[in-house]
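As structure tokens, here come the structures.
Presented sequentially are two complexes of chain A, the first with chain B as partner and the second with chain C.
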Partner chain A sequence: MPLDSNIDPATHKFNLVGTRPLRPDGVDKVTGRAKFGADANAPGMLVGKILRSPHPHARIRSINTAKAAKLPGVKAIVTAADFKEGKRALRDVLCNVMARGKALYDGHAVAAVAATSASVARKALKLIQVDYEILPHVTDVDEAMKPGAPLLHDDMITAHVDPAPKKPSNVAARCEFGHGDPEVGFKQADVVIERSFRTEATHQGYIEPHACLASMGMDGQGELWVCTQGHYMVRNTCAALLGMDVSKLRVTASEIGGGFGGKTTVFIEPVALALSRKAGKPVKIVMSREEVFRASGPTSSSSMDVKIGVTKAGRITGALAEIRMQGGAFAGAPVELGAMSAFACYDLEHVKSVGWDVVTNRPKQAAYRAPGAPMVAFAVESVLDELARKIGMDPIELRLKNAAKEGTQSSYGPKYNRIGLRQCLEATRNHPHYTAPLGPNEGRGVAAGFWFNFGGQTCVSLNINIDGTVALAVGTPDIGGSRASMCMIAAEELGIPYDKVRAIVADTSSLGYNDISEGSRVTFSTGLATIQAARDAIGKLCARAAKTWGISPEAVVWENGHAKPSSPNAGDFAPLSLADIAKKAGNTGGPIAGHFEVNADGAGVSFAIHLADAAVDPETGRVQIKRYTVIQDAGKAVHPSYVEGQFQGGAVQGIGWALNEEYVYGKDGRLQNAGFLDYRIPVASDLPMIDTVIVEVPNPGHPYGVRGVGETSIVPPLAAIANAVSAAADVRLTELPMSPPRVLKAIDGKAAGKARR
Partner chain B sequence: MRYEAPTTINAAVKLLAGKAGQARVLAGGTDLLVQMRTDRVAPDLIVDVKRIPAMRAIAAKSGGFRIGAAVSGAELGANKALRKAWPGVVEAANLIGSTQIQSRATLAGNLCNASPAADSVPALVAAGASAAVAGPRGKRTVPVESIAVGPGKTSLKKGEIVEAIILPKRAPRSGDAYLRFIPRTEMDIAVVGAGVNLTLDSKGVCTAARVALGAVAERVILVPEAAAALVGTKVDAAALKRLAAAASAACRPIDDKRGTKEFRIKVAGVLARRAAETALKRAGGSK
Partner chain C sequence: MSTVRVSTTINGDAVAYLCEVDETLLDVLRDRLGLTGSKEGCSTGDCGACSVMLDGRVVCSCLVLGAEAEGRDIRTVEGLAAGDKLHPLQEKFLEFAALQCGVCTPGFLVAAKALLDRNPDPSETEIRFALAGNLCRCTGYDKIVRAVQSAAAELRKG
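And now, the complex of A and B:
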């Protein structure tokens, strides 16, 4: 029988789920055969390049393209005038894609050319004359909130403030979550600690730059090949920006060299389409690394105040956070998610978090793995670490005493279903890492993290081939090994070997709408749809067997990849394999396929605990991570190697964010480090092996108990590492990144303070 | 843009001297090609010196070494005699970039790129290395520290090429070392660099020393005061402390994206001390 929804994933014996088969996309990727965004080519293709503002804030008085247009080889030039100002919801996207009236950050696109070669395109960009009126700028979140700060948008009135402000400001919106009254809670506390924290903006650091090839025909039909996490989103957005019918634009997603949330919006795609429409030829745009840093979407920088009170017995009595995030030149910093997740790990009576969404003269932020949560966890888990020290309690014990569990009213509203935080904390306490001895100048940090996870709109088609193999079409670009896990899930349901199923990411005209691969949703929701599509196909396979045998379809069951009569009473027939039925499909009713469409609900939240050992060089402030362990609830790990990979990847990105990654702006408002040399993501030799422990507390919202795992793993590292560094250096670090100059200053400041005393 | 790959030094000099407009020498190209790709330079002429046989060789010279301008970092690292005599110079050169970069990057290129943060240069300056310069008016040999005059600027005249780096004969009981500070473990640019070279007598007393610092001024600097702190001592803790103080005092750094003034000044002293400790060990002294 197919697994029904009521199986207990903890005890059910799976054939494939939980094993570690080879990934189907592996050979192509290691041999270079895989086609990434920049690998798309078309006959007659032109090269598109974008002119970008060198100023962080400037009014565009005029753009003169006449000289550039005359350059031989230039086939099209576009500016904001080539895009229609459409629906308000898309206005910010449009203004970000091509500056309209004002350039709002260093790197903001102001014009684009398509030419017969890259060198002609580059020359043409130099011939475009833009008359700028330079305006005062602001790049810091706290500065941008001050009265009198340079104003980005004349019409920005802070939303959700009562009464509504009369004057515009750089504050797009306020949000608030919680219950009870923290002030009442603080009165019940024995110890209250309040601290302020800051984090710098970081980039997802995907290795593959944004790239696309656009081809618009004379008949108004378009094709786009693009590296993205969501090709349906690209289709819908581009069609709206270019005034096309959705049906006339077909988008194919390439292999993806990293996204981490950064490829969940459009930057170059509408520009390439507009250039192609104007030139009448295909146009390819590939961002340079510098463009990726200056003009794609890093995450927000933040400034936060956190106040928490505890009793000597370790009970948190009150918790309060005020969070300010700048999300670049347009509204949409992930502060709401940050404020919602701030205290989500804990069962609290009095809790409140307030968030402020602020605009500055920086590139518009894009999602970055658990958007908003890592920086807030840094602040909250740092204060908890300090409180544990103050009351002399083990930091895991303190968290266990307050851990949210099934039935807890979360700080952001809903009551939790079955969750695995306690199990993660206990697994951490029992892990040998937790009690391993530390060397000189080393410190250990622990921190908890939470992420919501997401379901969303999903559909899947599963076609049974004539030879008994299976073609699985999904609509969620594979950013974390999902083709492997979808093949495993389909094979598990159908009762056939893993290598008999081949999964592809279908283009937008071949399969119905799918939400973006984001929110840790793919294994959960595409997996759920794959299970249901397989069950749909099994129903049809059984019906074909019934027809062959001349018995009722209800009298047929599916077992181990075969249709069988449900009992001797139903008839005496030899079981028919999937291949047997597939071979005869033409004679029994035609092709056999399973489908499923859903707006998936029930994505279970997930929790993680990270353990970090850091060594600090007291003379240089240099930090080295010596040991690192991730403990996270996966619900049910479909392909444990990929789950471990997600755990490790989140930890590694967190290590970069905590220690050295940052957007550095000069006084002139220009980005100083738009490249991997001075934007320092960790290299392999910077890292210890990241150990992992998969905890499996099944999600009741999924047939196998799957929870998303892609994002939770980046939530605790900033705090875990800050706690480790603070312990090693014996001084509390409250600003990220903890780069050597900052750590050394803190160490020297502590020494100077002691000398004064 | 014209590309030439002459096979003699005279032909290379003639090409460079005769060209109006911007001419650049291509050795490993690990700086030049990056600068061209990012639109920072657009030379009219590129003279590739890798086809000139003498430029590709490491030769013994008066008890020391003559390292051709196109010898790669990987080739330096594979030369046992060089590694034994000048471990500090070789480790400095081998710190540059990645394995791939090492198969191309050269000492002379690192010197002539004139970056204040060049890794091999403090080690060469500490070693007392000189540069053999060929030009339209003949050949001359100058101390390496006289080549760079500021970021990206050299004292070389039009048509001149550094054809080799010359490392002197080693006295017994000598050792050198180079250390750089980077936030990462590799693939990075020095925030501070320190090269130390010293010689001991049979009693373990330091008779000669040279100390050079990178990334703390507009060019790599030789710090005689820091060296003086070691000479006449057994390179003990007190001498090392004076060395560190002198090194810090010699710094005139800037605040930038890679580090603050304050940080560079302090860490220059720390690195000079640590490099001296390694050099001492290599010279057979003990601490």
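And now, the complex of A and C:
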């Protein structure tokens, strides 16, 4: 989509874009009226509950449901046998939804019941007898790659390795990106540093557990209410797993209580539909928090080696990364995106990144905000920080000397269009935070981050109502205030007040297909479609005015919410407002609506720099974030408050990942901390205010210059904080989370090293 | 499962209900009384999304039994606005964009109201500690803290 020739986002005076109106769904959310996944009920509704494997790896010899079925109040029981095996592409999704043959992780669903109450359903689960043959398990990525490791899938042959391995392993695939030859680059370097890093799996930690209400009619038509980032994806996947026509399943997206990528797949939805089909009644399933941790998708854990060489003048001559990620029990760890993004911030001659996608006996990973990128940025930006210290160069100066710019061939292939990395770096250097004094035991860290941003399939319907208001139907669930932005954009284009537009997230039967709200794509692509749908409507509004006036449609222009003759030659008519034209629509040709369908291209990449001040307690190893600033390119901030909110939210999720959060597995392969008490996400008293700077370097691929902002903000924090902690403790931290025991160990190790010297 | 009859006061109104003896107050509010503003995020008292006022104290309603509400005074997010007028905290949450997904918002509003009732002029640190029992995964708390500061200032003006 080319940049609109009428608008230069850098100089254009917008009426609404860039202002901060109240969000249209706000009052419902502060009064308790908003309906989230678990807030819907239906007459005659049953409660669905899922039986989960207590074993990390076990063959399922048999499942006996006879006793459970006899319990009064039990209306349906399903197992894997109730789902169609179907297409290969969906096999893993299906096996994750309901274990087939083997349970592959602690928490893997093996059966489900629907009953008249939660207590009956719980009792019924206890009556289901599963005969397990316990198998050896593996939960660590490096262990899983070793020859002789317990094998999850007998048929897993590592893809993209030449020649193809003859034996199966836990390595699903290899990938490689880059250009030049890093070994040549290292020879040109004055200093080369190579380090290994590890990060633990973290969970998206949305506060709303997965929830849905399924209702299948005996005519084979179904309805599903669900909290999801993509209700069209839910519809298509569930229809395939249940052997239904897509047209027979209508999915409505509830308000969604956080997703961060974790609600981009199905878990309970096909189960609820299958139970409802069998019972002939609506079935509601709500995951417990323990189930969310054990059985929905966390992100990958990783093990990485990074080697970078620089000259004394600060030019990076060679860069190499080897990245291993486990993505749980099925292929699909986001290692490819990690490897692609590893060196995407820099303009390099010799660069290579290699990734390995590994399976282990853990829940199948799901996308988590910029999947794959934060952990790799942690490794790369840590090494760069160390190199800057070694050559005595300011860390921002080092990054500026190597920063990618327009025309740079990225490490993952494409040449960059207009990008804002340099502007972000300069804004950071000029920020008062960068030169503020530090207290005792405090260190400052800086790190850069990159994210691709996505476009994707999008469609929007914009209906002009009889009173001149506008009903805007979008198909991307609102995960961060997008209805506000869409109302602003539609009103901006139409030239009417913000509160005259009402945006809804339409159900799957009311609007054409839309991709999931993911990849920071909504403000970019749904915004783009809204602009074009509004322009489509404007064309029709102008045609109606032309008809009223008896002149040619080409002789009518749209200005400030009014149709006007384009020049005195066209005729002398008083301008007609949108409301004037809407009122008479019935007499001029019927309802007026604008539509737009697109597979949006041109989502501009974005960059961010984070600045973190950390205080390290040398006695306990406890780290406290004292000051934090996010500097990020938004292209054009449509609603700056919600852009800042994305910056701040991403930073704080990163703080949790860096300092506290981790999946802890026991030797028995069971998750040890499946609750918010032991899996500790940051709370208000852990944090300072999170300062933000919105940089605006317009994206040439969007009419207003918009870039996605949701994900880039979680890419730099792990590294920024690690660099701050390493500076404060005077020892390099290479493992996340930097919990007090790990930090203390590093400090003690340093002291021991000094004593030996 | 045996049931008990409970008479209580919710948002100023007399309410009576039957509940099972092991049913939480949160389940009663949501499933029996249709007051779904209080949310279940964990059911272990760790996230605060189900916060309500019980005789003037903030509690996690997932840790209170429905049967325990007998003769008590319960306030939920649904009772925060006065008729068609939002409470200053609700207004400031909107003005400061203190919510993204909004699922934690009811709990935060209840906890913030309890704080301002007992301390009309809290410091930033006091606000942060008073809200430390409420998890928010979207905002990083910055805008929530600012909204509470602003609401406190507004309420002090009277």
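Convention: the second predicted complex is superposed on the first by the 751 of 757 C-alpha atoms of A that agree within 3 Å, B and C clash if a C-alpha of one lies under 4 Å from a C-alpha of the other, contacts with A are read in each partner's own complex, and residues count from 1 in each chain.
Operating definition for what follows: a residue touches a chain if its C-beta (ideal position, glycine included) is under 8 Å from a C-beta of that chain, and two chains touch if they have at least 3 such contacts.
This one's a predicted model, so the numbers in the text were calculated from it and none came from an experiment.
In the superposition on chain A, A:Pro740 makes contact with chain B only, not with chain C. After overlaying the two complexes on the shared chain, residue contacts for A:Phe260 are found with chain C alone; chain B is out of touch. In the superposed model, more residues of chain A are touched by C than by the other of chain B and chain C. Within the superposed three-chain model, A:Asn673 lies in touch with chain B and out of touch with chain C [touch as defined at top]. When the two complexes are overlaid on their common chain A, residue A:Tyr206 makes contact with chain C while staying clear of chain B. Look at A:Val683: by the touch rule set out above, it reaches both chain B and chain C. Looking at the shared chain after the overlay, A:Thr620 reaches chain B, while chain C stays out of its contact range. Of the two partner chains placed by the overlay, neither chain B nor chain C lies in contact with A:Gly338. Judged by the touch definition given at the top, the superposed model places A:Val664 against chain B, while chain C stays out of reach.
Common to the chain B-facing and chain C-facing surfaces of chain A are residues 677, 682-683, 685-686.
The residues of chain B lying in touch with chain A in their complex are 38-39, 181, 183-189, 191, 256-260, 262-263, 266-267, 270.
Contacts from chain A toward chain B in the complex involve residues 122, 290, 619-622, 659-660, 664, 672-673, 677-678, 680, 682-683, 685-686, 739-741, 744-745, 748.
Across the interface of their complex, chain A is touched by residues 1, 20, 22, 30-31, 35-44, 46-47, 49, 76-78, 80-81, 86, 90, 93-97, 99-106, 109, 124-125, 127-129, 131-146 of chain C.
Those residues of chain A that touch chain C in the complex are listed here as 20, 22-23, 25-27, 29-36, 38-39, 41, 119, 204-209, 255-260, 286, 288-289, 479-481, 641-642, 644-645, 648-649, 651-653, 675-677, 681-687, 689-690.
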